[in-house]
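You will see subunit A twice below: alongside subunit B first, and alongside subunit C after that.
Here is the complex of A and B:
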């Protein structure tokens, strides 16, 4: 036991002596959180639209004013030619061109469905379909109202189904409530895993590990002594990040923090154990970083940080069963936003515990005092 | 006398090449990474929703509500996995994540629909995933609307307007146009900047930089020799990504390939100069790696318009994204590949990238100390 304490003490001394690493460990992640939490949004706020109005009638101008009044659209003026308007799409100055052909007003007067053409820049497929949906609903409502006014008689209305939608847990659909926990998971994992992985291999690279190897310290004592300091730092980082998230983004904390931190504790044993394993099979810091970086990117993208894991193909869902970040990403959002309790996250808890024990025993087994 | 210099330089560059190629594990990852990432973005990280688990609370239980439930199920978006019997069950099923959405039918659904001409449905979504929640609600809403008009009487059914839509550049609305340029930027940026920064910092940390500096090679040649292999690797990676995008994901190549490669080359040089700059400000590999990893990975993914469109961000972040090198690269290659435009449309991006190269290199030269402390 005393041997472990000495190792821990040594690591802490080294960490706090290093004046360049300290701000990197504590400040950089928080700055990231502040900046990036607001960047991640799919919400469309502004669509640039250019209108080529060949009809130039009272009604066509009225249609345009409806687009002008909508909060989604900004009208970008264009000349009276489709070619000129497409030029604007080419140079990214407008997203959508609406062409109102000659005879638009006449068609409406004669109760014929008037024609409108929409040309949408669809490089971003999702944005394009939203732009199309918004503009067609404005057009539909506009012409429907005219038709109803013209009929001017109370025709029998067809039966309808009224849908009332409610968004639970996040009624304003705030993205930061979704992204802040997600980014926090990544930052805590990066800090914990990379610090651990780099630490051991650095001793190898500098040759100082030989000095430890000749001491009577046991394998498991050494591994635990290397793990504990970074585990504490990562837990502290999580607490700090949550505090910043609460103060600046007002993220909800609906569940039990004890539950979240006990899960995080087990998760970190897994992540840090992974880092140790990586470093014990690598010979240089460069190699460790590269391998760790590869796994990190794959795990992060598969974890559902941006998109729902349920819509992923089957093989991805099977892969996610061994993806530590998938579990943590899911649990932190469930506990913070939805207030999930232990029985809600039981399966994830068990899976992560099994993975953690496996990983740690593997790391201890794989580390050899003789090289 | 001058003849021997290029030889020495190439000898040094060759040595660096051998260093990289000897390490099979790193090599595997350098070439495995773009492939893995393209597959993930192509098949896993998509915004499409399918097979979302939903719960049904059918207080009516008549033929019409059942018909609508099976219509929701056959849409491909939803799988009704749980059937609830009271309002109290809604909260637990959403909280545990067993269902992402709950559909609640009011009692006497069919009767209200036909007699009173209006039946009500409540849709409750789990908005802890806001994007998924609003997509699910939208899909369900449009399915319900078309169900209502199919089953209602056929008065006033003709569409009031004839909208012809043409999706320019990407008529099938595929996501490949977003993620291939993005993956290229991410891989080239991280691989080149990170590897360069770390390999120079490594020489500093192990003290071998001093050995190199007393050699007859000029410091600029040493740095050049160290980064040259990474230029080669990054360029090969760019080609692999383009080839995969072209063959597996049907990415069109409408513009000039030569121009595209030129832009990629400029971007690689930019990433290199950024890497050199990082290495001049970091003493150890750890510092270099945290700077490039934390400072580059998430910002490249989130601020470059790769996953989240820049136009939707708050104004301050839009300005900040203008400082992100990948943003200009992505915008340029999209213009070339997808719109098929020539240099007239990408000169601005090129100029900005070249400006950034000059900026980073000037800073590095100022910072670079021949005599190490």
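Here is the complex of A and C:
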């Protein structure tokens, strides 16, 4: 036990003597939250639209004015030719081309369903479908109004289902409420996993591990002594990140913080244990960096930070059972935004605990003092 | 039982036979030197004894503890100093000592008498980071850290490589004092001049032990007479000597050429005349006492 304390004390001495360490701990969360939570948003504003109006009638101009009036769209002038408009798409000056065919007004007058063509730039698939959805809803509303006007107002229209939407847990659909907890997960994992992994392999590179290996320190003592300092730093990082999120983005904290931090504690044993395992099988910091980076990218993209994990293919959902970030991403959002309690996150808690114990024993087992 | 027993120890890496089944014993309280060139297998042997490396075959024991089975015990009784400086460069002198004392379950005060002399020299720098010490100071700190738990056996892997001449002298003086405390010391070095400072030495080359003896004993076993030739033109003389049929071996030692002959009738005078006749007129020939290095060169020649 005393040996562990000596290792922990030594680690802290080294950590705080390292001049890049304090900026990493304090500036990293602020910068990441500020940049990512503001920049990475799915809300579409300023969709550029070009309209090729072959009809050039009163009604077609009315359609265009509806788009003009919408805050989502900016009209980019174009010549009267689909080819010219597509050139604009090609040079990235417009996202969407709407072609109103000749006879648009006549069709409406003759009660034939009017047709327009939408050509969407789909380099960014997500943006394209949103642009399409926005523009078709404008067109739908427009035709509905025309129909009502045309068929005398007094005549009863057939009953349609009207929807009243209310967004639970995030009534204003604030993107930052969704994003900030997700970024915190990544932040805490990076800080914890990378720092631990680099630390152990650095001892190998510098040869200091030779001197440690001839001491009577037991394997588990060494691993625990390495783990605890970074565990404490990562937990502090989570607290600090939450504070920044609360102050800058006013993220909701509806659930119990004790619950969140207990879960984070177990999660970090898993993440840090992974880092230690990685560094015990690598021989240089470079190797560790590349391998850690690889796993990090896979785990982050699969974790559901941007996309819903439920809509992922079956194999991906099975893979996610061993993805630590998937659990933490789910739990932090549930606890902060929804106010989930222990029974809501029980399954995740159990899974992460099992993974953590497995990982830690593996890391201790894999670390060998003799070659 | 002797504190260090090495029995037919062998270790090979992928393509190299680092140790080819070597055996020797080190007696209690002995300062034992492992002398050999780079790549002889010194580091491999010391790492096996320090329980950092597993041997392929053979056995070794330190104070009765097998280096493979009883590695827990080994780590309590051995002080090991690797050839590369492996203390924490971002910790101070004081912090390094405290840390190593701590992990051995000891304190600096407990065994202070052992490191007193060395620590005294380090004292003015105790707040300095270990990475900012000079080479000689680093060695002293490393030795202090290896001694902090009062080991029974000290394993030192090339402790004086890359250290200036004065610090080397000081270092060997310290080893002498530690020996007086009853610590058995195994030290490896590529410097032949350090061999005479050991009680006994093992000459090692290409994973084999050529000879184990006291430095005097090794010299006494030198089979031929040894001549030292000084000449202003040593390089062409060396080449000339090697073409002579009476010359067995000829090596350049600094400014002097050391020659052995296969003909026992040769004397200093006859050798001098022989050289004068070949045009090397202003050379002096003397009969000299062989050094450990001469013995080593001779044994290495036989080994090839």
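By definition in this document, the second predicted complex is superposed on the first by the 347 of 371 C-alpha atoms of A that agree within 3 Å, B and C clash if a C-alpha of one lies under 4 Å from a C-alpha of the other, contacts with A are read in each partner's own complex, and residues count from 1 in each chain.
The rule we apply is simple: a contact is a pair of C-beta atoms (placed from the backbone, for glycine too) under 8 Å apart; a residue touches a chain by one contact, two chains touch by 3 or more.
Keep in mind that what you see is a predicted model, and the values were worked out from it rather than measured.
By the touch criterion defined above, A:169 reaches subunit B but does not reach subunit C.
Contacts of A:215 after superposition: subunit C is touched, whereas subunit B is not reached. Contact with subunit B, but none with subunit C, is seen for A:297 once the two complexes are overlaid on the shared chain. Once the two structures are overlaid, the count of subunit A residues touched is higher for B than for its counterpart among subunit B and subunit C. By the touch criterion stated above, A:354 is placed in contact with neither subunit B nor subunit C. Put simply, subunit A uses residues 206 to touch subunit B in one complex and subunit C in the other. Interface of subunit A with subunit C (complex): residues 2-3, 5-7, 9-10, 13-14, 17-18, 206-217, 369-371.
The residues of subunit A lying in touch with subunit B in their complex are 20-21, 24-25, 28-29, 32, 35-36, 38-46, 86, 89-92, 113-129, 132, 136, 139-140, 142-144, 146-147, 155-171, 173-175, 177-178, 183, 186-187, 190, 194, 198, 202, 205-206, 282, 284-287, 289-291, 293-294, 297-298, 301-302, 306-308, 310-313, 316, 330, 333-334, 337-340, 343-344. Within the complex formed with subunit A, the subunit B residues making contact are 23, 25-26, 29-30, 32-33, 36-37, 40-41, 43-53, 94-97, 100, 113-114, 117-134, 137, 140-141, 144-145, 147-149, 151-175, 177-178, 190, 194-195, 198-199, 202, 206, 282-287, 289-291, 293-295, 297-299, 302-303, 307-309, 311-314, 317, 320-321, 331, 334-335, 338-339, 341, 345.
Those residues of subunit C that touch subunit A in the shared complex are 50-54, 71-72, 75-76, 78, 80, 82, 84-91, 95, 99-100, 102-105, 145.
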